[in-house]
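Listed below are the structures to be examined.
Here come two complexes built around chain A, the first alongside chain B, the second alongside chain C.
Presenting the complex of A and B:
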């Protein structure tokens, strides 16, 4: 199997004193030199804790919404997590974590954790009162029964949940909702849906190469992706490829850390990536530098696409649109086509636009025509769900007998919905767009949304238009939030329930990027009164049934370890080459792939079974059949506002910890020196950033990493700080996403704002 | 053959400034607030032209001639014969601050709770157990490595890199590789 070989990376990145030599050296030194010194001197003392040895070791996995989904080794003594490490068995994690992962020991024992069920006397008042689990569940159950009585259904009860914890058993939250009846569900994903649909139209699925095979690439374009911040474990493969002679080009509106590590950086005009890709396609077409066998034998619609390029696209036009000189486009297109294999990592940022799906299709087309689909070290890399074939035992729950719900069409409830294509029941849940949460709460009628349950989801940090959200929440009769910290959503809750960290629960984890599977063992007893999501579901069920027998089907007594086991099946075991989940106690395992390349057999999952340059399905869904250029959003403010990810947090998690504050203490708005001069803003000045939906006062940092027409703020939740980028971002949809995730994506980076000294 | 002297090789070319090393250290030792054994410093724009895009990950340099050891009035420091690691014995420390004031690299820090100094131990307990230091193992970019500086012969490695002050008398046991710059096309 031509796949990632650990030796390749180690050889490419080797240090003169490699590990084995080093250990040998230590042994020798210890025997020959260490003993006399050791006898003369007592063991030195240190403050706090030191490495002592003799730990109990548990297997865990980071369940955050992150490419890397690290396999963790947890070292426990006296029932306390002392420290953690990356699992060395995974060649992806390779013994290392990241700045976020390494802060977990603080997160578990943070004094700021939600410790008990608590009741807020007046939402937003901060007047929290500790209540018992029984009291909390009683209040919640009574409210659910009241809604059912009033509306004759539970559509007034809404669930919003997304990616706060991707541990498979946490789909029991959705299961809990189903076990109560038909409810309102916030469906879709703000993350990556336009690109998912695009890849489905082109290839029939979203399926990326094993990231570890980037080491074999000869040319890598990191397009709108910032792995140096958002997938730090992928960097060693990119670096190894570079040190083996590959060229790395970073295309991004912002000079990112990834740009600094690349051989070349292009500051593309935001949202014009599609024009750039099509310009490169046109040039390769003109020069005949495309894979004629692939486009004729393994693709459909090539002639139409070629005709489109000829009549609508020129390199000069692409240069004008994208801001990248024509000569650069020409040179790079040729280099890319000649390097075999060449690959493009398509980042999620570039599809968070009104033309995001169209852009991904254009980039896919470039990779396809250059003959790089299905190749080891090649591919249009976006993501995959290849390893997610669990039973979703916790998710699949039956509605109580006689439940009434929504009558009408319903689609998938997010990208991980395994029930796609199932026959519709007479009644269904009411699906509303998660990317327009505030609007949906305000607009829901017959019945209105009366109660919201939020878990694995920080609504106020991640959903758009903060001011609209505040209004929407006023409409809700009860808000229950399941979380670990008193974040901005909890501020707007009536009841907060304490949920376990990954170290306090049983589950299993896979990635949407790499191909490893990890078990997540319960390493310590849950702290304080925290419960896992499925335990909360079972406790709520017990309360519901005590008040109204038969009102909830969720099992009232569960063994969480057994529920972890129940997610496995023969297919998973076969894919990963294990006989039981117990094998995972020895460490994570990787899927047994026929090739590290996706689509290596060039048998696509499209209706034609070929790569579809022209997709009739795409046209049926209201888009263009060809990967045509699509205009971006018309600016409605003087400067573009970008709100991408920081390296110190994943969405609203981690930045709140005091350990993280030591390395990143406050948020900034970043702006170009030219703009700063024009506005009379100096480094460190307080400035006001305003958009059509809201405004914020914040400190400025001046850097030409950001283009002159752009303002940049990293999304984050800082503890005890009202900073929130969603105060400036509206909920305008992206072009695609509805097909595979139930709702279109959202144009997070098609935002505009003004700036002035505060 | 010269004596073994362990030290860090900071490959600034590979370093992505991700702070994993610094947090790996906190993860291992749970230091008090503001007691940082390893910190990641941005290289100034005069040296690297892009702001906060090149970084120096620094801890104690386990110098060949450590100032901390010289100035300590109670012999709370010693240098391990077998590998040159400079160890601070906190139970002997009286918190006088001489080492903190004297180290030009700012390695020893004041622990306001213990009222004593402390610094990077190079994870000598881990070393003695056959493990890598927490920061080295925790670097996902393979940019931080443990080397015997007396044997380390990487032709691109230097002892003093722009932005890292030169105190030759101390002979810090640290090596660096300079960052590279991409070709930049701006619109």
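Presenting the complex of A and C:
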């Protein structure tokens, strides 16, 4: 029989010094020397165990596709992240994270993480084998070589990657593909392309004011944006402006949390935002309440735009189209024009329409004619890529000698493609539309798409038309997914490779909204066998070269910290006023801006160097030269289906974590009480939602936050749940996006569906 | 090594087995020790089942990490995991996978039990037996029964996995007689689940 003194043992356990002393004699005598075949190792010397008293602090940054790109302070003890905080040095992050960010430790240490490279025997069978990295890479490399042999090119190998991790070194995934040869790339962005093109036509670039200068605004319109959920750090600047007397108007088909915090809310008819903006423009024109100096000296095409407004637009027409009473339009247009400065935050939601680009151009025009472009506290705020001037060292890789590829026209490979890197002399990658991924896989010929590599991307959750996607995947000979969790894409993979979280890799991050730069230090060892994207690339290259020397140019040995360093350059250092990336260890820094206002010098980047109410370039690209009203998509079902963002997740990340599940345990379709009554649906009833591309059975929740003609389902990936809004959303393109991102956007909010009790 | 240590060694290697071959090898050792009857088995199916239960990539049904059964808000690398690490440190030991694989993986814990049992066979030291008793009573028996129950509640369990889990339960039960009476008040009884398997 054994006895023990619990207090005594625990006292010894709790203190490093006592731990060493407890068995000192026995340890010295080697009594506990390893048992043959055992796992645990003897500590070589006492120095082998690091006894740390206080926390080690690391600098990190949230790399998700989110306005806020928070600067993070990470507290590590015993090699384990204990907790994280928002960095206080950034006046944007300001010491706090969002509900998702604070949950990061639950993510790093979730038992649900993909831990090892694994092979599925029969795609979708659920029969998984754990394989070594070497085995996994061997299978992948063999397949790549087989494709090359069969097709005499690697166009049969496709890459789909988007915004799952915006850390700069993660562009090494694209680099890995280039280092193999010319491949098929899914280009474009489902997020914001129509608006990017629109702002490029109007001003020559997408360039927003510093969001922190919203405190100086006297009137703020939050148009199709829900920062109370999706950019929580921006809210403090909006609130501060309100406290200083600014009026905040929220325009959205859905009564959002942001709407609740605004002074006024307009429930616009979905997709009719352009009509509303043009109605306001017409009224300001009639009243002469526009900036005559701006429109004559700093803009082109004003007369044509004014003529268009006079002959085509009336306030009454705008009221009828948008559902906002004429008197309200008139009053608000005047208030907006009289407030100096006034600003509009153009949300990404309102451009996810077949008329999305035209809508953004109409809103830009309203901000421009009211004289608010180039003003501190003003501006047509959409986003920017002003701080993204890194070397893209990981991205820029050369194709192996003699690689063959695509012969045809090429364009940018997404909004972050700066055109850097070696220009292919003859061949190029084959670019296909990321917003029609399923269709592109099915239609690709000569050669067909044989193999798909997905990284930083949950294809099944984020790409459109789920049923078509399932068919498309059947056509693929091999699917490799690099991910952290077992989502619906991993379910359909042959091989899954575990990738590091942000705390397990070196990189750097900037935002497309604010102007801060953060270093992302590796704070802990990677859990299990996870590797960063660039480590995976170097390991694949080593394998490729061992099987077929010269078949991959990616360096086979890399130091990930050095690769983080290699992304910096003199331009970045100058912009941020630092002498070395090491300065970022003290905390994030903000770009040294001449003004918080974009376009403060009123020198635009358009062909005319002026604001272009009339853009010939836009006309050349097949659109209207003027920001004319464009009809929305013709309804093909009885109710509009909206699939916006929830506060518990960013796309398919975070909702699977236990903390989120506790607050938001299951998905719903939200509908208005009037519609619920008509359909005999009560709260909690199971209902069937069906569209022309698919259907879903789901619980209903009744709320008057959504209009009576609308069904709302938040896009999300729920763990162990087949819920997927893409089962109902088709891949119809938005009007714009091809110019700057390589492919048009997608009309995510121009979708229609029916609902009935299940 | 005595039979119990040999059995524990085979269980340790089973629960951390990376593939069908190592799972089969561990089960063959258990069979040779007389703990299990070896039947015709598709070991690949055992591997799929093993990964479904303990590894992934889908959320494993019964992940073999102590913290997930001991913490109020279960997660890997929790406070209780670090206490296990500190316990290893007390014995002058370290996991070869420290900071990558949680220290409280069942196999690492079985390994430290073997080490303590074997050392106690060689040297009669009160502090050593005190540590073993402490680890058993204050740690292992607080979570392993719940883990066993989770596994045995799974439908369609393959026979070798069910067998290994029952041997683990048997061993835990046998250690009861060795532990102090105060500890016996804890409910170490085997979960009331019928041995089923495919």
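Here is the rule we go by: the second predicted complex is superposed on the first by the 700 of 758 C-alpha atoms of A that agree within 3 Å, B and C clash if a C-alpha of one lies under 4 Å from a C-alpha of the other, contacts with A are read in each partner's own complex, and residues count from 1 in each chain.
Everything that follows uses one rule, which is that contacts are C-beta pairs under 8 Å (C-beta built on N, C-alpha and C of every residue); 3 or more make two chains touch, one makes a residue touch a chain.
Since this is a predicted model, take the numbers as computed values, not measurements.
Peer 1: Touch test for A:115: chain B only (first), chain C only (second), both, or neither?
Peer 2: Once the two structures are laid over each other on A, A:115 reaches chain C alone.
Peer 1: For A:7, using the defined touch cut-off, is the partner it touches chain B, chain C, both, or neither? Pick first, second, both or neither.
Peer 2: A:7: touches no partner chain.
Peer 1: By the touch definition at the top of the document, which applies to A:106: first (chain B), second (chain C), both, or neither?
Peer 2: So A:106 meets both chain B and chain C here.
Peer 1: Looking at the overlay, what does A:720 touch: chain B (first), chain C (second), both, or neither?
Peer 2: second
Peer 1: With both complexes superposed on chain A, which partner does A:84 reach: first (chain B), second (chain C), both or neither?
Peer 2: first
Peer 1: Who does A:658 touch here: chain B (first), chain C (second), both, or neither?
Peer 2: Both partners.
Peer 1: Touching A:527, do we find chain B (first), chain C (second), both, or neither?
Peer 2: A:527 contacts chain C only, not chain B.
Peer 1: Tell me the contact category for A:128 with respect to chain B and chain C: first, second, both or neither.
Peer 2: Touch partner of A:128: chain C, not chain B.
Peer 1: Would you tell me the residues on chain A in contact with chain B in one complex that are also in contact with chain C in the other?
Peer 2: Looking at chain A, the two contact sets intersect at 13, 16, 19, 22-23, 26-27, 34, 37, 41, 48-49, 105-106, 658.
Peer 1: For the complex, give me every residue of chain C touching chain A.
Peer 2: Contact set of chain C toward chain A: 1, 5, 9, 12-13, 16, 18-20, 44, 47-48, 51-52, 55-60, 63, 65, 68, 73-78, 81-83, 85-96, 98-101, 107-108, 111-112, 114-115, 118-119, 122-123, 125, 127-134, 137-138, 178-181.
Peer 1: Mind pulling up the chain A residues that touch chain B in the complex?
Peer 2: Counting only chain A, the residues touching chain B are 13, 15-17, 19, 22-23, 25-27, 29-30, 33-34, 37, 41, 44-53, 83-86, 94-106, 228-229, 232-233, 235-236, 239, 250, 255, 257-269, 322-325, 328, 647-648, 658-660, 662-663, 701, 703-705, 707.
Peer 1: Note which residues of chain B are touching chain A in the complex, please.
Peer 2: My answer: residues 4, 9, 14, 16-20, 22-24, 26-34, 36, 40, 50-54, 78, 80-83, 87-91, 111, 114, 116, 118, 121, 123-132, 134, 137-142, 145-148, 151-154, 179, 181-187.
Peer 1: In the complex of these two chains, what residues of chain A are touching chain C?
Peer 2: Per the touch definition, chain A meets chain C at residues 1-6, 8-9, 12-14, 16, 19-20, 22-23, 26-27, 31-32, 34-35, 37-43, 48-49, 78-80, 105-106, 108-116, 118, 121, 126-132, 486, 490-491, 496, 524-529, 658, 719-720.
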